[in-house]
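Just below sit the structures, each encoded as structure tokens.
Consider the two complexes below, in which chain A is the common component and chain B and chain C are the respective partners.
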Partner chain A sequence: MHIPDGFLNIATVGTTYAVSAGGVGYGLRKARSKLMEKQVPMMGIMAAFIFAAQMLNFPIIGGTSGHLIGAALAAILLGPGSAVLIMACILIAQCLIFQDGGLLALGANVLNMGIIASFAGYYLYLGTTRILGEERRGRLFGGFIAAWGSVFLASIACAIELAVSGTVPIRVALPAMAGWHALIGIGEGAITVAVLSFVMATRSDLLELRKV
Partner chain B sequence: MRLKWWHIGLLLCLGVALISPLASGFPDGLEKVAEDKGFIETALEAPYQLIADYVFPGIGSEALATIIAGIIGTLVLFGVAYGIARLLTLRRREVD
Partner chain C sequence: MKHGFLDQYSDLDSLIHRLDPRTKAITTLAFILALVLTPPTRWYAFALYFALIALVVLLSRLPPLYVLKRSLVVVPFVLVIAIFIPFFKQGEVAGSYNIWLWQVNVTYSGLIVLWNVTIKAWLSVMSMIVLSSTTKFSELLKGLERLRLPLVMVMILSFMYRYMFVVVDEALRMKRARDSRNFGGKHIWQLKTVGNMIGALFLRSYERGERVYAAMVARGFDGNPRTLSHLRFQMLDLYFTACFLTSLAMIGTTILLGWGA
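Right after this comes the complex of A and B.
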């Protein structure tokens, strides 16, 4: 869902950069006050894993592929503030080193896949585990809902940005983006559940750490 | 040096980077929409290219070039995120 340059107009570029700068500032403040030393390696591993996993596009129907965003997973394991920081690091590196996502579109990409996906994932997970309980079943189901919802909502934000930029009408962009990403979100959910169950089996204590 | 859990974690991440050539080459959701709805041509080229499209330049085998790009990215992201997290926790200790 990395937006290249050329799809967004200058007003959208400016707005999304401003909102994303605010979001990254929030993540930095949260991490500075709450991040524990024990969580430092997890921050590195999470960023490394999400970067590597994002390279692995999986095919869905109709000659289309999707890849993990990872924000929901990061938010569940480390909290939304840290997830925003991790996603911003990944998106900046992808933009500057790998030319994936435009320089001007970076603000929108951080907003969609960093901020919106992280917070959506976090609160969907909290809501689901509150209903179903914090047992394994509730957590894995919560992880799936969080992951799917994070992709779906990020794609809607992306469609709105394309539409307000005048690139494509909203009545065209919204169903197309939301439709494809409703499918891609199933892959996001499957990967998120798999990683969560792996973490639960190997390092369940990491799930109990104070979230940032 | 004792082996810590995150040493193994980082190896697993590098393992994921190793299988990156298996990734589907189909357009992703946004590219697909841009193609179908006819605005893919409005995309602009990046003003410079380093390891564009996750292919390390100047290597004959595209699979190998992708693996090298993946390993570089994985290590860079580990280092950057670890470094930022470390700085943020260190700074707090000074403040306390």
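Right after this comes the complex of A and C.
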């Protein structure tokens, strides 16, 4: 889902950069008011963790494989503000070091996989655990919904950006992106559930961290 | 981790390597911006852009084949998204084919969009490769900090860069252990194993983060990083920026005047 340069027109580039700067600014304000300097090394290492987790491929149906985005996982474990900062840093590093995603498209990539995926993941998780309770069942179900929803919504945003730029007609882009990522989202959801249940079994105190 | 390819050529010495990271970041941004603003049918303009980037590659002493090979990173996205555009875009039909039961139309406007995204993605990725292979990441971060990227982001990025190698090594060790016990990891019922691996990776990283912070506090960390900063603009930066931006402006002028359209 990393959009390269050239796929977005200049109006879309400007808009997505402005929205992303706002979202990252919100994350920075939250981090500054609640976390202080302590979390900065931690967030760096968590960013390295999500980056490494993205390298572990998991199987999807039909012999293809996908990999984690991790925004929902980061948002559930550390809170949406931290997740936005972590995902933004990962995407900046992927763009600058690996040329994964373009420089002008960075705003759109941060918007899709950072801001939309983190906030959607966090609030879907919060909503589901409100309804089903904070027990194991509710949390795991919430984790699945959050991860699936974050991938699905991010892909829809990606399709809209490509369509608004005149690159792909919306009637093709939207069903193709949303349909394919509805499938990938199942993998993301299953992995997120497995990670949450592993953390619950070993260090359940980490799920009670103050979320920022 | 097989990370020999990172910063692989950043130790070379050349005109481009000696430039200030800020100069390189800004000229790269200007290049990509000019590229994206260029209308797709000005064919010769893209040849000029290519000549410009090829000149920079020559000046930087990077092996041209290495740059070409790395630039293939855009291929998957182009293949998945862009290759279908000519078939779905409506417009004047360039060719019509019968493939078994379907009748497939290829339109001119669709082909132009395909050309547009492919050439722009490829040329801009080449300029990014030049930026990232002639600049050490730590230097680039220092430059970005001077260009007002928020300090917290710069710190997270530099911690991430330091520990990326450690954590990725850890992940690859787990993967190797799993593959040697499980006939690889490509079966659907192994999803839970991947989940447990990522869970274990999270715990180890989290605990490492706590240890790193404690060690830093023990050495007097108060939230403000102190680094020796030696970034300085030189005459070389001025000359390079002037030449580069003039070339871009000249290409831009030919486009505005409508030559070759």
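By our rule, the second predicted complex is superposed on the first by the 193 of 212 C-alpha atoms of A that agree within 3 Å, B and C clash if a C-alpha of one lies under 4 Å from a C-alpha of the other, contacts with A are read in each partner's own complex, and residues count from 1 in each chain.
Basically, a contact is a pair of C-beta atoms (placed from the backbone, for glycine too) under 8 Å apart; a residue touches a chain by one contact, two chains touch by 3 or more.
All of these numbers come straight from a predicted model, not from anything done at the bench.
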Partner chain in contact with A:66 - chain B first, chain C second, else both or neither: first
Regarding the shared-chain residue A:195, is it in contact with chain B (first), chain C (second), both, or neither? second
First (chain B), second (chain C), both or neither: which does A:14 touch? neither
Quick one: classify A:155 as touching chain B (first), chain C (second), both or neither. first
Give one of first, second, both or neither to describe whether A:166 is in contact with chain B, with chain C, with both, or with none. second
Is A:203 touching anything from chain B or chain C once the two structures are fitted on A? First, second, both or neither. both
Let me test your reading of the model: by the given contact rule, A:77 touches which partner, first (chain B), second (chain C), both or neither? second
Name the contact category of A:187: first (chain B only), second (chain C only), both, or neither. second
When the two structures are overlaid on chain A, which partner does A:133 contact: first (chain B), second (chain C), both, or neither? neither
Shared chain A contacts, counted only where both chain B and chain C touch the same residue: 2-7, 28, 31-32, 36-37, 40-49, 51-53, 55-59, 63, 65, 85-86, 89-90, 93, 96-100, 102-103, 162, 167-168, 172, 202-203
The answer for chain C against chain A in the complex is residues 6, 28-29, 32-33, 35-37, 70-71, 73-74, 77-78, 81-82, 84-85, 88-90, 113, 116-125, 128-129, 131-132, 137, 140, 150, 152-153, 155-164, 166-168, 170-172, 175, 185-188, 190-192, 194-203, 205-206, 208-210, 212-213, 216, 221-224
Sort out for me which residues of chain A touch chain B in the complex. 1-7, 28, 31-33, 35-37, 39-53, 55-59, 62-67, 82, 85-86, 89-90, 93-94, 96-100, 102-103, 155, 158, 162, 167-168, 172-173, 176-177, 180-181, 184, 202-203
In their shared complex, chain C is touched by residues of chain A numbered 2-10, 13, 24, 28, 31-32, 36-38, 40-49, 51-53, 55-61, 63, 65, 68, 73, 77, 85-86, 88-90, 92-93, 95-100, 102-104, 162, 166-169, 172, 187, 190-199, 202-203, 206
With touch defined as at the start, can you tell me which chain B residues reach chain A in the complex? 4-6, 9-10, 12-14, 16-17, 19-20, 22-30, 32-34, 36-37, 39, 42-44, 46-54, 66, 69-70, 72-82, 84-86, 88-89, 91-92
